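Take a look at these structures.
Consider the two complexes below, in which chain A is the common component and chain B and chain C are the respective partners.
For the complex of A and B:
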């Protein structure tokens, strides 16, 4: 098992390298001069030239790339052009907020998605099932930004029961979590429902009933452990998407996380921050996938670690 | 009466997109203590549905048991509470299904699966239940049974898995084992091993068996009595030897003629029964075999024959005709 994890971790390295490379060259392709942004629109050509030299932008691209990689290996993501702070420190300050939001949303979507999906499957083709299917469809089709704005309008503006923005108390979490979870709950619900329906018609479930087991035991010991295997993948992916989805949600609710920081940095053309955030997002996504694979190996005995 | 189990006028229907399918249309049979009863018929003749209905294992919906009684120990299993029937399933009457590759839960250890009926019905602790599981796995000839309790189903071959499923059925010492085509999905050599194994265990434990198959050859060496089903009905019933020596329903005769026989010296061609078995969208008011029967007379298409005794002891046939003489039955 340990060997498996180590091997999978090593496989992460080339992916991160590719991401870093892509991000670097992507920014070289974008028109506009970072030195001008850094020095300010009003700066004289001499100042801009000095800034360019200090940032190493006067060097050939390949040299810049090499220095960038060297810095990355040391965990240095560069300095913000706008406020001169280390990008890594900005990330350290903001990332926990994003993770916390995504984590709470994932846990809640998994809980509600699985339990509602289970009810839907066990009550299949009844009015309950149809209603839940419609709700799931709504969850998938409603745009995040619209849902977020509607929540703010109703709960904060009209009813004044929840704070509009910020992250100071638990009340601040309610609307962002709802917004971020809507799509996930719906997707997890759908996959749980179809997965349970597939498993429930298997022979071993019929045999479990023929063994004289109570229906609850049949469902929780025989149906769910099998049905949840594909659900684990979806939950993991949803967590990954939530890191990205936080961009919209955090902007709507002024959440002090990485998503909002990214939007602000893009607007300010703060190349270093954007670069850093992208690398951190991509790496987290890869790591989440790795964790899903490991969990997979733990719950499905057919997957061996070797 | 001396019957361990008796089924009376069992009727089961399924709701489908095309309409109501009448899968079982009034089946009655009895099983004595320690007896082996073969139920024979083509796919879709209602043999599996009959036994699943007995234990109320028909998925409802779409299935529904609309009539009948299944008497076991003086009680009608179809009228029992859910708890009542659960105490019988797996403990007094257990089942083995056709496909060993799908009959085991892929994410549960063999030991847990085999011992589960003990835990549920007899409240045994994990350790004791596992010990018994190891014993029963040895009985069904799983090598190194004790070491394999913690293995998962995918670590077993098809034949070995079927042994595990059989062990699971036997662990509570049931009075009746229902085997629904337990050898159909296996290689011929493994088929023979499994059949022999069940025979041996039956003789050791003295349980009754209901053996469902479409293979007359398997039943010949195993069953005391055979019931032949067609179109959701029993069309012939007889002690095994009598049925093979003197099949009396045109369908049974057709089945026998499609079977190679080692005990008949005269060389003959194997024949097939023309046509396909019916999908019954209504309870047949006439003989369901009439469209395929080569002895058919006009009465067959208008009236359904009852299962009635003919001549010899225990031989019953549902046919308007005596195919040996060509005369109509009384």
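For the complex of A and C:
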């Protein structure tokens, strides 16, 4: 098992390296001169030349790439073209907010998704199951930015019971968490239902029933532990996808996180911030996927470590 | 020949009736999709007004007999803008997904057929697939800038690995069939085998995936336009209509409600229809 974890950890490094390389060269394709953006449109040619030299943009691309990798290893993501701040400091200030939002949303989605999915499976082909199936499909189909706007309209504008923006109190979490969780609850519900239905027809469940065990014991001791194995993967992946979903959610609720920072940076064409945020996001996804793989290997005895 | 035709039509209708009986929700989804497609195609004929015609005297009218879904802050007819918005959304998502299908299927088939290309192509696809669609799309837009053309490229790039994976898996299983061995023995060239014998046999799961990916593309189009990185006003698009109506939500809630409902409905239609299609083509899923 230890070897498996070490091997998977080692696989992360080339992926992060590939992502960093791709991001660097892709951003070299952007038309326009980054030195002019940094110095400002009104700057004199001499100032622009000085900025170009200071940013190392006067060097050949391969030299720039080597320096970029050296900086990256030291945790230096460069300087914002717009406000001159270190990108790593901007990330440090906002990343915890994004992670907190994604974490709370994942926990709640897992709880509600598994509970409702279980009810749907156990009440299979009844009116309850049909209703929950339609609700799940609606949940998957709902545009999260619209859901966010509707929540703001009803709970903040009409009823004035929740604050529209910010992250200062627990009340600020309610609407962003609901918005971010909606799609995940629906996805987890569907996979839980499907997984339980698969397990419930297995011989060992029939045997448990034949032994005269109570239905609740059959479900909680025999069905759920086996049915939840694929659900763990989906929950883990949902956490990764919530980091992506945070881009829209944070923008709607003016949440001081990385997603909103990325949108603002793309609009302002602040290349260094965009590059930095993408690398941090990419590394987070890869790490989340790695943790999911390891947890999956730990809980599923059928997974081979070789 | 004519006798054959006579028999063929009822069989097709019978198949549709059987599908409708077995998958009622998917049939409703299919009808919703068809309705949206028809409205989008015939937008100039069904839209009651010019979607960009402003009239400040009619600004923020509530839904009523004159303007069925009300008007926006510039007095433009909401129903007409929604109809033209359907056109833009469906055009962008269909074009981008078709682009993604073409490139993805070619890459997947090539990776499976020419073993030395398998690792570089499929590892790259795996890396691309491991990131959420919006991150991939935002990266492309950060490089190319906003606008319809760049939005299509951004969504297509995200879809390439989805179809490459399916085409790769299908080609690997089809290439071991005896008839492919027979064609190889007869001396057929690689290009001919791939086009004439592999492609037609891997297309069914690609079509199913196509219907499942379209709603994601519609959502991504609207999401990016909502963020101000996709379709720009005055072009009517559901995402930018929502974005522009934010300030006026308290005076005219219909500005926020209807574009979102349209999105929800079309995505729901595609999801249920795609789900039904997937289950009907995969008997293993029928009992779930």
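FYI, the second predicted complex is superposed on the first by the 303 of 306 C-alpha atoms of A that agree within 3 Å, B and C clash if a C-alpha of one lies under 4 Å from a C-alpha of the other, contacts with A are read in each partner's own complex, and residues count from 1 in each chain.
The criterion applied here is as follows: a contact is a pair of C-beta atoms (placed from the backbone, for glycine too) under 8 Å apart; a residue touches a chain by one contact, two chains touch by 3 or more.
These figures come from a predicted structure and were not determined experimentally.
With chain A as the common reference, chain B sits beside chain C without any clash.
Between chain B and chain C, more residues of chain A are touched by C. When the two complexes are overlaid on their common chain A, residue A:49 makes contact with neither chain B nor chain C. When the two structures are aligned on the shared chain, A:274 is found in touch with chain C, with no touch to chain B. Residue contacts after overlaying the shared chain place A:207 against chain B, while chain C stays out of touching range.
Seen from the C-alpha centre of chain A, the directions to the centres of chain B and chain C diverge by 80°, a value given as a multiple of 10 for the model superposed on chain A. Contacts of A:226 after superposition: chain B is touched, whereas chain C is not reached. By the touch criterion stated above, A:217 is placed in contact with chain B alone, chain C being left untouched.
Applying the stated contact rule after C-alpha superposition, one finds that A:300 touches chain B and leaves chain C untouched.
By the document's definition of touching, neither partner reaches A:99: not chain B, not chain C. Chain B and chain C never share a C-alpha pair closer than 10 Å once the two structures are laid over each other.
When the two complexes are superposed on chain A, the residues of chain A that touch both chain B and chain C are 201. Every residue of chain A that touches chain B in the complex is listed here, in rising order: 125, 201-204, 206-214, 217, 221-222, 225-226, 229, 299-302.
Within the complex formed with chain A, the residues of chain B that make contact are 55, 57, 59, 61, 86-91, 94-95, 97-99, 102-108, 116-117, 120-121, 152, 154, 165, 168. Chain C makes touch with chain A in their complex at residues 25, 127, 130-135, 138-139, 141-143, 215, 219, 222-223, 226-229, 239, 242, 246, 249-250, 253, 256-257, 259-260, 263-264, 267-268, 271-272, 275, 287-288. Listed in rising order, the residues of chain A touching chain C in the complex are 15, 18-19, 23, 26-27, 29-30, 133-134, 137-138, 140-146, 149-150, 152-153, 157, 193-194, 197-198, 201, 240-241, 243-245, 247-248, 251, 262-263, 265-267, 269, 271, 274, 278, 281-282, 285-286, 289.
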